[in-house]
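Next up: the structures, one after another.
Common to both upcoming complexes is chain A, partnered first by chain B, then by chain C.
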Partner chain A sequence: MARANRLRELRRYPSAIAGAAIILLLVITALTTIIVLPYDRAIDLWRGGEGVWLDNPRNARPAWFNVLPWVNLPRTVIVDSRDGDITRTIRPGEEVSEFAMDLTFDYRADAFPQEVTVTLFGTFDDLGPYATLTWHTPDGRMIPLGDRPAGAQTVVRLSQDARLIRRLTNIPVEVGLFSDYTVDSSTVVKGRYRLEVDGFLFEPDSDIDVKLVVYGQVHGLAGTDHRRRDISIALLWGTPIALTFGLVAAVGVGITTMIVAAIGAWFGKWVDSLIQRITEVNLILPLLPLLVMVGTFYSRSIWNMLGVVILLSIFSGAIKTYRAMFLQVRESPYIEAARAYGAGGFRVVFRYMIPRILPVLIPSFVTAIPGYVFLEASLAALGLGDPVLPTWGKLLDDARVNGALYNGHYYWMIQPAVLLMLTGLGFAMLGFALDRIFNPRLREI
Partner chain B sequence: MAETAVVPQGTGQDSRPDALLAVKDLHTWFELRKWGFIRTGWVRAVDSVDFSLAAGEAIAIVGESGCGKSSLAKTILGLNTPTRGQIFFNGRRISHLTGREGEWYKSQIGYVMQDPYGALPPFMSIRRLLEEPLLIHGVKDPAERHERIVEAMTQMKMTPVDDFLSKFPHMLSGGQQQRVVIARAIILKPKLIVADEPVSMLDASVRVEILQLLRGLQRDMNIGLIYITHDLSTVRYFSERIFVMYAGRLVEEAEVDDLLDDPKHPYTKALLEAIADPDAGNASVYRKVPGGEPPSLANPPSGCRFHPRCPVMIKGLCEVEDPPRFEPTREHKTLCWLYREVSGE
Partner chain C sequence: MLAGSVVIGVYLAVLIANMGGHVDEIRRGQIREGVAMMVSMDQEFRRLPQEQRESIIADSVRIEEQRLGLDQPFIIRSVLYLGTALSLNLGRAEQITSDSGSRQVRLVILERLPSTLLLFATAQIFLFFSAVIGALFLSRRYGSRLDRTVVALAPLSAAPPWFYGLFLILIFAAVLGVMPFGGMVAAPPPRTTIPYIMSLLRHLVLPVSAIVISGIFLATYSWRTFFMIYSSEDYVDMAKAKGLTSGMIERRYVLRPTMPTIVTSFALLVIVLWQGGIITETVFNWPGLGQLIYRAIGFYDTPVIVGSVVIYAYLLALTVFLLDFAYALLDPRVKVGAGSGR
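So, the complex of A and B:
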């Protein structure tokens, strides 16, 4: 009854509603992520390396950059003959057949693509097809890209082709291909481009497929990192991990600390002394260096770190505060009455002392959550992040190590940072409002 | 001097064979410490107290604040450990009760405290807090617990019971809270109730009602009752015998009427003088009340503890020697040198 009233009272605080909305959003994101992208799949993707992400650009910005009116960056264009809507003509000969196909695409962006790659997939027994690649620009120019024998999968990285670069008067290939470089190598020629692939098949059953990838400068919701990975995976999976870590740590530490303080305050004597001495020793032990040591010598698994964090935080300064509150509660007449009708020590601690203090402490559990979320990020930023899991802290660490800010990839660092701040804001706003409701004396006039 | 009539203190000779509770030479001293480990003295809250109580008898212990009444109550309840002396309940020494017997003793005594709101856990509903003693003492059947709660509440005239059970203590008035406290004290059907100033924090309008309820219960259920108070005016209607406590000692004991009509000890006389009568004429009457403060229990005066405030102090005797227990009239005992000659067969 009293609890329902308090929740109703929460609605009077706009900050509490905003905080609760942020938290709800994060929780929904976390749950959706877990359902849509299961743990194993996420880990596979994140550790997959270039094999999985071959068609993604490196360090691409988030796609929503194009919403800005003055930005028009290219998305990645993939044209694949295996998709079926590309007509190929094969002129059979006696031994050698000739083939020809056109891969066309529209290019309307203001900026040049990042890279251009052509992959040839030959089907043959002994002797693979031989292909000649020719680039046709919208303004009718023709740039020969050279001849290639096609293996089962031959990747032609045009951007790294030294002969082509020389032919394009030593300007980057993607600039040469997408501008009238002899006149103005800074303006993109927009329109319909065509890659003409023709050549010979040396076996009767031989065939060839071609995939053209024009890597853009934007990708997905959150962009990509230095290993072409989609950053949104780490942002999404970071949410459940951060929330779980923060919640388990805050509530675990809060409740355990409270129980330990209550037991010390009630039983007194050597029990209390022991708890106080352990607390005092623990207070001067530095948490971060200890965590660094555990991470270096034992395990960097996030759950292992969580356990160590909880263990080291139980005997914190809060135990002194809680103890002071419990010492006051201990003298309450109702506890004397309970002892008179035969309540034992543990019954007094768990049924009479803790329920008295718990409502006062619930807000502090909520406000403590972001602290632990930040701690996880700090650990990751110190290189002690979980080696497997994608988390916000790991993103920050990757961004820092790869000079994201120096290289202008600021989205890489800002996105996890914003999520961290949002989490902190949500829990802080809700927690402070709860504090005002549960501890009315803090309410301002 | 009729030395033969002197009942020596601390021998427990006044305990009767049918006693429900017998307190013999009870001392409850609290240690005073410096720096946490050096003992610098004792607070002698209860100092050599003897009395006994028959089953179904109501006694009153009267004294001013700080005289050790509450310490005595808590020692009887087992909340304080006696420094010396024994307490027997039904012939069993309670400091020797452990485990199941200790639990049994807790179920045999009820405790009613001064501050009804403080005595009720604020986070428990009435049902929950009345259930607690039953749960502790192993009443496992929820239906039986409910039945006993309803019974206790009905005895306390808290009806209709269901209206109260889901409420929290702060939703009740002071009188209702105290009824709940008493209901909790009687729910285990105890043999003895210790009521420590049960009405001193209540409105005058509900005091009488609560006292009558308590007295009625005590008679109906044949419960022994120790009524602790500083207010002599309520005692006459409430108890059979009175014990006057001063500075940790029981300085006078007698039947109610005997003591109120013919007080022996100068302190008792002073207490009776101090009772206010709602009479307009009293505004101009000057009452002779001994001045001074109650003595420090850590450093009590030598000899008779009342001598610094006593109007009839005998020089050379009262401040030197502790008075023994004299019995100036039958069943009327007092610790006062004034009666060293009159007491006799």
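So, the complex of A and C:
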């Protein structure tokens, strides 16, 4: 009854509703992430290296940048002859057959692409196909890109082709290919581009496939990092991790501290003084440097860190506050009544003392969560982030270490920072409102 | 009691900094590798027979281990560490040198201290006094729009200073380009005094703002609540009824009884100054104690780590000790040594 009243009261605080809404949204995101992208798969993707992400641009902005009216950045264009739409003509000969195919695509962005790469996939026994690449611009110009023997998988990075750069009078390849560079090398020529691939097959069963990748400047919901990884994976997986870390740490620390304080207050004597001394010793040891030591010398798995954080935070200054509260409770008549019917020490502690104090402390558990969420980020900023898991803190740290601020890759840093801020605000707003409801003394003032 | 806690705390720090003796193994390995490398690179030694070379390596390893004190078992060394650390004879750093080239831990720490103090003292003292004064102001007009704004903004303090630091760097250094990205003075440092101070101040602005933004709202909020509990006492109403000015009421009837708490939190704040902020200093590339500790841990440089923990422990104990006297001075009801026994 009383609980229902309190929950109803919560509705009167707009900040509490906003906080709860944010938390609900985060929890839904976290659950969806776990179901859609399982733990192992996320780690595989994030640790996969450039092989997994080969077709992503480096440091690309989020795709929603294009929603802004003055921005029209290119997306990545991939044209692959294995996808079927592309017709290839093969003119069989005695020993050598000729082949030809056209890869066409539309390019309508205002900016140049990041890189251009052509990959040749040859099927053969001994002697691979030989391909000639030619670039056709919408305005009818033709730029020869050179000849290449095709292996099983030959990657031609046009943007790093020194001969091509020289032929394009020493301007970047992307600019040369996508503008009328002899007249104006700053405007993109828009329209239908064509990559013509023709050449020879030297074996009867030999075949060739071609993939053209024009790397854009925007990618996906959240952009990519310096290793072409899709940042949205880390943003999504950061949610369950941040929530778990914050919740487990705050509730674990809160409840354990409370139990320890209650035991100390009830049993008194050496138990109490032992707890007090441990607390004093622990207060002397500063938390962050200690965590740095543990992370450097033992293990930096996030679950290991979580355990150490809980252990070190149990005997904190809060134990003294709780103890003072329990000392008051201990003298209450109802405790005396419990003693009279013969309740043992632990029964009194767990059935009578803790339930009495718990409601008062619940808000403080909630307000403690943001602190731990940011602690995870702090650990990552110290280079103590989990080595395999993608988290918000690690994104922030990656961005900072790789000079996102100096190079103008602001999205890289702002996205995890906003999420961190939202999480922190959500829990803090709910906690502050709860505090006012559960501790009516605060309400009047 | 306090002394015992300090001793145990420092000993724990010694154990942790040495990873229970495991760091010694790492260091022995490093020494052996370094010496073996040196001997094999040296032309003169190359001509010597295998056994002779081995014995040279063994000798140099032994000398190097003796220099670092690795020849004694870890338990003995940990107790020795404790003794020297507690007597504030902080010894010599193993890897880290001060900028002037000294290996004395005392000098290394002393060299970093002024910059940490400059940054954190400026920020924290500004934060503390503006929070207390602002809270006094708000407690007089609670429920006003300003008051409600501060209460609503209090959750912002959940984020640590370095987090706001990143934003400030983003806005003022990266986008607007009006402030430096980090560091303590411009490079190269100005030669004359006045430009030097100006450059120092310019570099101070962002880190100080980061610390203040991260702390100010929650601090003001909790001080305001605290003052309000005391301003709702009957004797304050009585004073109001007597027609005293609000300044007088604040000084005599609100600030007086709350003084012990204010002094306590100020004293605890002074200790925290010593620690600096590992991450804030790293983000702003500020050459202070926090950065030193981080580097020391990276190098497994036990004496430096233990040294900073020892100083912190001593300061904490000293502050707690002095606070008892301060309470007695400020609050006539408290008598040192009488009764309580806690």
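Operating definition for what follows: the second predicted complex is superposed on the first by the 443 of 445 C-alpha atoms of A that agree within 3 Å, B and C clash if a C-alpha of one lies under 4 Å from a C-alpha of the other, contacts with A are read in each partner's own complex, and residues count from 1 in each chain.
Basically, a contact is a pair of C-beta atoms (placed from the backbone, for glycine too) under 8 Å apart; a residue touches a chain by one contact, two chains touch by 3 or more.
Bear in mind the structure is a predicted one, so any value in this text is a computation, not a measurement.
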Would you check which partner chain A:Ala340 touches, where first means chain B only, second means chain C only, and both and neither mean what they say? first
Going by the contact rule set out at the top, does A:Gly424 touch chain B (first), chain C (second), both, or neither? second
Regarding the shared-chain residue A:Val183, is it in contact with chain B (first), chain C (second), both, or neither? neither
Given the superposition on chain A, which partner contacts more residues in chain A: chain B or chain C? C
Answer with first, second, both or neither: which of chain B and chain C does A:Pro370 touch in the superposed model? second
Contact set on chain A toward chain B in their complex: 1-2, 332-334, 336-344, 347, 351-352, 355-356, 359
Partner chain C, residues of chain A touching it in the complex: 15, 277, 280-286, 288-290, 292-294, 296-298, 370-371, 373-374, 377-378, 381-382, 396, 400, 405-406, 408, 410, 413-414, 417, 420-421, 424-425, 427-429, 432, 442, 445
Chain A-touching residues of chain B, taken from the complex the two chains share: 74, 77-79, 102-103, 106-107, 109-111, 113-115, 118-124, 132-133, 136-137, 166, 168, 181, 184-185, 188
Complex contact set, residues of chain C against chain A: 1-2, 4-6, 8-10, 12-13, 16-17, 19, 22-23, 142, 151-152, 154-156, 158-160, 162-163, 166-167, 169-170, 173-175, 181, 225, 228-229, 232, 275, 278-279, 282-283, 293-294, 297-298, 300, 305, 308-309, 312-313, 316-317
